[in-house]
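Look for chain A in each of the two complexes below; its partner is chain B in the first and chain C in the second.
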Partner chain A sequence: MKINKADDLKKIKKEGMKLLSPAALRITVGAATCGFAKGAGKVFEALKYEAKKQKVKADVVVVGCNGLCYAEPIVEVIRSGKPRITYGNVPVERVSELVKAIKTGKLVKDLVLMRRDEEKSPLEKGAVIKYSKGKLSRELSTVKEYRKLDFFKNQTKLISSNAGTISPERIEEYIALGGYAALAKILSALIPEQVIDEVSASRLRGRGGAGFPTGAKWKACRLAEGDRKYVVCNGSEGDPEIGMHRSLLESDPHLIIEGIIIAGYAVGAHEGYIYVNDRYLLAKERIENAIKQAEKLGLLGKNIMKSGFSFSLQVKRGGGAYICGEETALLNALEGSFAEPRPRPPFPAQKGLFGMPTIVNNLETLANIPLIVLKGGKWFSGVGTKLSTGTKIVALSGNVTHPCWVEVSLGMPIKSIISLFGKGGAGGKKVKAFQAGGPSGGILPAKALNLKLDYEQLCKADSLLGSGGLLIMDENTDMLDMAKFFTDFFADESCGKCTSCREGLKQLQQILGSVMEGRGTKEHLSLIKRMAAAMADTSACALGKTAAVPTLSVMKHFPQEIEGRLMVKKRA
Partner chain B sequence: MVKIKVNGKTIKAEEGQSVLDAAQASGISIPTLCSQDALKPYGACRLCIVEITKNGRKTVETSCTYPAEEGLEVKTDTPRIIGGRRVMIELLLARCPGVPSVRKLALEYGVKDSPTQMKKENDECILCGLCVRACNEVVKAGAIQFAKSGLYKIVDSPFHKTADDCIACGSCVFICPTGVVKKKDEQQAPGGPKRQIENWQVEHKLKECKKCGNPFSPEPHLEKVRQEKNLPVEFFNLCQSCRQYPVVDEDKCLGCGGCMENCPMGALELDDKGGYDKKAKVYTQNCTACHSCEPICPVQAIS
Partner chain C sequence: MTNTQAEWQGKSESMFERMLQEVPEAVRDVFRGNLMAILKEKAKDGSILEGHVVEVVNEKVPEPFKGNILKAFSLMGGVDMNKVGEIIERFPGGQESLLSILHALQDQFGYCPPEALVLVSQKKGVFLSMLYRLVTSYQAFRTEPPKKNMVTVCNGTGCHVKGGGAILKEMEKRASENGAQITLEKARCLGCCDFSPALIINGQLYSGSEAQAKISEILGK
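Coming up: the complex of A and B.
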């Protein structure tokens, strides 16, 4: 069937609800790449097998990642009238025990993490699903309600609220929780300029790193002249320590699709491309399937919802290069050319893909669009801070007790993020330093933990919000090692086009090598400073401009770790 | 036409013309190693950087790639810019100490040598990309490209084997600012005169003029031009000197313009002789002596 009007959406919504909150049993397994890495695939197979063997009638289904990466494999049990129970760290050997408990209505106490009494969606008022009906049993009331856990209490889950709840392979479940309602709204009630106005009112800024106001970008593209226009979703996610694009694509691919279609409508584009990091095999598979499902329902393709607006979407494989995070390098790659940045101006909004007006938006930026359309730009601008509105997905990794990813309001102190979600340094060790926003963000000392996570504060500290990665380093970390590591990263990822980045990184690498071997001098350090300033000014793109930042930040914040390693001049 | 300010002086620029070109046209010099009039700007060497203030916002940009627009303020020689250029020169000197154009710039900018702390190499290629861009944009042979990425970037033939699409025209040799791309023309080779471009592992025969016997151009180069301009098969049997240019008999010429319309090279124009009198005129610098005009003339005025 094709969805031609809002009422058709309601029909599908009902079907989705029956799956999310069935009359019988629903057992879900958190199966994004992180889950699979910890054995979720085996747990899923075991659950299906045991359910059949023990004659337990249940819909055993894969869902995405809820961010509790440290507690995977995660299994959830939804039984009619009872709260949704979450089990964590479920080993495959105990699946038969778990199924037995499910059959008899009991809990496996030592594996229980939390319960959920109702499902709320940021897109709609009130609870969308009431799992628990009637009074809770004594046993169930001892299980912590998930909103009371630090992990969920302190998050503002706007774009990640479906992740871990819905199956990424079932469009009905996405629609059940409010999906594609935004698209229906704009196609029936808003003209493109109104959509742009809402996005501008939201003050949403690009989540890729530059933080450019999304509304302004869309407006420029709308006004630009060209035979055709394009929307490009940047899912290249090249920073070494993060995987949010992957998690979002694997958990809630339709959210991205909807955001892209709305973007196309707003700027007047009828073709879209999602550029996916080629390492993300599962993410690519899930987004491709989701596109097929959306096409089948008429939510993609010709004359969407009989509105006259047509839009087609394709997934393009990336080469795995960090440089493709740079929008013009990405456009070159899409055109089949070298992934190197183009001179700007002209900007992609005027001359982008194949020389046509194009908006290149980060995947996370586009994930915010359906919400902004449904709840209004003004509402969105009230989340976060005045200049950094909305939320940010943060991937916490490194020497932290609980590696995870969370969605927080912009403006949250970094210290709180690490303590509330990461539960501090791993093994009780002190946090010595951290890196925010990826390698371009440099390495900051512990005293900078008081900084708030937003565009302005991090920029002032010579760091950046960037991709939202937070890499934690404990007291045993050698700062010079980290500087070398990230310099090597940039050297590997440089495209080599411009003198400053290519030759600058070459020299930076060997100078750091000299310092590490005890042959460094004060002259080496002053040369680094001079080169860094030139690289920041003259490089063709942000990679070259920030390539010396890891080294500079270590020189600034941990001077003793470098100066202490310099060669001591022998007295005659 | 737009007006921009360069170092305080207001100059005229064509809309969309690069700041570099506009400045140089007004006699303001900005150094560059990778820009060339016939090629699209690339922005590899980073020497042409300038400070640009637009709408109150100041940024550092390469002037070769930045389009002039009304009201731009450009500063070409601030301490920040000079400092940046000096580091670029030091880096290039460390990579290519023997390249004369780099040494010349170093002299101009007071850079004696690259700092001792920099690792020295002995490359002859500054990766300006002029050869690649000439081959791809002007000659349109597409025989060479950048290969390997990042710090190991080089210019190469596909898979480091013989560049199959190379027509040995020598544009890459001509345009190379360092001389690392070389050609060797051998008049007395055993198999006949030939041209070698070792950089791309290419060797092609040089066509010998049927009249004077001198070898004048590589055969694949001639064949490519012949096909593109739709010239007769025998056209390049004669070298430039031996090819006969058309002569217009002005007494016979009617000034109808038929020859002009049919000339594939635009080498014929109608010259105004006063009154209603127009006569065909041959511009030999454009003429390839293809003789397309001769049979067209209704009164056989061309021979």
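Coming up: the complex of A and C.
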């Protein structure tokens, strides 16, 4: 069947609702990469086997990740009229016991994490699905409602609200929660310029790192002349931290696809590419499957929803290079060339992929688009702060009690993010330093924890919002070792095009190595500063420009850890 | 003729001889003479490629010998050039298809075999040196076949902070030991930061503290 008008969409919405809150049982397993790493695959198989063996009729499905990575494997049970129950850290050995409890309507108390009485969506005020009807039993009322937990209470879930709820393999479930409504709206009621105006009004900024206004980028591409235009979704995510964008791709691929199609309509492109990291095989598989489903329903391909607008989408697997997060290097990789940045101007919006006008947007940026179209740019600009609107997905890693990923409204103090979601330093240790924005961000001391998470404040503190990574280091961390680690990382990832970056990093590695071995001198430190300045001035792209930032920030904020290790001249 | 081609020529001829062992002795000479002549004609500039051999065997050798020869060929550790040809044809287009081809080659053979790259360079009209640069500059590709045990150590920042550096060093040491059947890879993030420092040994996830015992176990020491 092809979807031609809004009514057809409603029909599928109904089907999806039946899947999400069925008359019989629905058992879901959190199966993104984080879940699979901890055995979700086995739990899924065991659930299916046990359900059959114990004659429990249930729809056992895989869903994405809800952010509680530390509690994987997560199993959820949805029974008609009862709240949705979440079990965490479910070992495969206890699946049989769990299914037995499900059959008799009981709880496995030591595995229960929370309950969910209703499903909320950023699109609607009221509940989208009411799971729980009537009065709760005494046993159930002792389980905490998810909105009472710090972890969910303090999040603003705009783009990740579906993650962990819908199956990434079923388009009906995405449509049930308001999916593809934005696409239907623009194709029937808005001209491309109006879409761009809406995005400009939202003051949405690029989520990849630089924070460039998305509306302005789109406008430039719309106005640029070319035979063809392209939309490229940047899913490279080379940061060596929790893959929150991977989680989003694996949990809700249709959201990204819808965002890309709308972007294509707005700038006048008919072809799009999603570039995914070479290790993101599960994400690639799910997004390819999602593209097929969308094509089957006529939401992608020729003459979408009989509007006359056509758009085709392809997934490209990258070759594994951090530099591919840089947009011009990414275009080179798409063209099958070496991943090295191109000189700018011309900007990709004028001359990008195959020499044609191209917009390259981070996938998190594109994920915001359907919501902006449906609820309006003005509404969106009310979330977050004045200059940094909307939300940001943040991944907490390192020495925190609970590594996880969350979506918070921009402007939230970093201190609260660490204490509310990460539950402080691991093992009760004090947080000594943190780094925001991935490897290129400065390493800041604990006294900077009062900073708010937005583009301006972090930038002022020589750090950056970047891709939203938040690395926590505790009192045992050797800061010089961290500086060396990031320098090694950049030396590994430098494409070698600019001499200053390629050779500068090699020298930095050597100098830091000597300091670590106790052969460093004061001159070494001033040499680092001079070299960092030269690298920042003469490198073509942000990688080289910022490669020395972690080292410089360690020198600035933790001087005692470096100077204390310099070679001391013996008194005569 | 490039070095690789020259090396390859010697290799394919010896392979050809070994393949002929699959044919009954009585007819071996006939096959050898005929096939070699056709092969030489096919390789006009003198470089006989593995693809040529497979092609000729496919065309000229009757069943049941053909099946035997091709089977022997695939067991010799050589690269099945038919497969390589198929892969190249699966991705039409010019340069933009190269990364996809390299990925497909690696998925098929576990690495990007030099002889396969030669064929890619001929079919797509790109320099071999350029392909070599692609294979070595992107981290995803291997130029050597993977060993029996696959160890992927998470080298993400989260794992590093929790002591991943020491695990990586230890694994590097073990992998460089004589005769160690380990292919070591560094990953940027395995997605299980609460398990950090994390590593995957032959598809199974381990945290740093369990790694020592496991690695000794697979090495049989």
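The rule we apply is simple: the second predicted complex is superposed on the first by the 569 of 572 C-alpha atoms of A that agree within 3 Å, B and C clash if a C-alpha of one lies under 4 Å from a C-alpha of the other, contacts with A are read in each partner's own complex, and residues count from 1 in each chain.
Just so it is clear, a residue touches a chain if its C-beta (ideal position, glycine included) is under 8 Å from a C-beta of that chain, and two chains touch if they have at least 3 such contacts.
Please read these numbers as outputs of a predicted model, since none were measured by experiment.
K.L.:
Touch check for A:Phe338: first (chain B), second (chain C), both, or neither?
P.N.:
After superposing on A, A:Phe338 lies in contact with both chain B and chain C.
K.L.:
Report for A:Cys495: first if it touches chain B alone, second if chain C alone, otherwise both or neither.
P.N.:
A:Cys495: touches chain B and chain C.
K.L.:
Name the contact category of A:Ala534: first (chain B only), second (chain C only), both, or neither.
P.N.:
first
K.L.:
Of the partners chain B and chain C, which touch A:Arg246 in the superposed model: first, second, both, neither?
P.N.:
The second partner, chain C, only.
K.L.:
For A:Arg317, is the partner it touches chain B (first), chain C (second), both, or none of the two (neither)?
P.N.:
Touch partner of A:Arg317: chain C, not chain B.
K.L.:
State whether A:Cys34 touches chain B only (first), chain C only (second), both chains, or neither.
P.N.:
second
K.L.:
Under the stated touch criterion, name the partner, chain B or chain C, that contacts more residues in chain A.
P.N.:
Partner touching more chain A residues in the overlay: C.
K.L.:
One more residue to check, A:His402. First (chain B), second (chain C), both or neither?
P.N.:
Once the two structures are laid over each other on A, A:His402 reaches chain C alone.
K.L.:
Touching A:Thr521, do we find chain B (first), chain C (second), both, or neither?
P.N.:
After superposition on chain A, A:Thr521 lies in contact with chain B alone.
K.L.:
Give me the intersection of chain A's contacts with chain B and its contacts with chain C, in residue numbers.
P.N.:
In the superposed arrangement, which is not itself an observed complex, chain A uses residues 338, 495 for both chain B and chain C.
K.L.:
Give the list of chain A residues in touch with chain C in this complex.
P.N.:
By the definition above, chain A touches chain C via 32-34, 37-38, 69-70, 72, 238-243, 246-247, 278-279, 316-322, 333-339, 354, 397-399, 402-403, 426, 435, 439, 469, 471-474, 477, 481-482, 485, 495.
K.L.:
Under the definition above, what is the set of chain B residues touching chain A in their complex?
P.N.:
My answer: residues 41-47, 49, 60, 62, 65-67, 80, 83-84, 86-88, 91-92, 94-95, 115-119, 126-127, 146, 148-153.
K.L.:
Touching chain A in the complex: which residues of chain C?
P.N.:
Contacts found on chain C: 94-100, 102-103, 133-134, 137-141, 155-158, 160-162, 165, 187-196, 198, 205.
K.L.:
Hey, which residues of chain A end up touching chain B in the complex?
P.N.:
338, 343, 345-346, 491-500, 502-507, 510-511, 514, 521, 523-524, 527, 530-531, 533-535, 537-540
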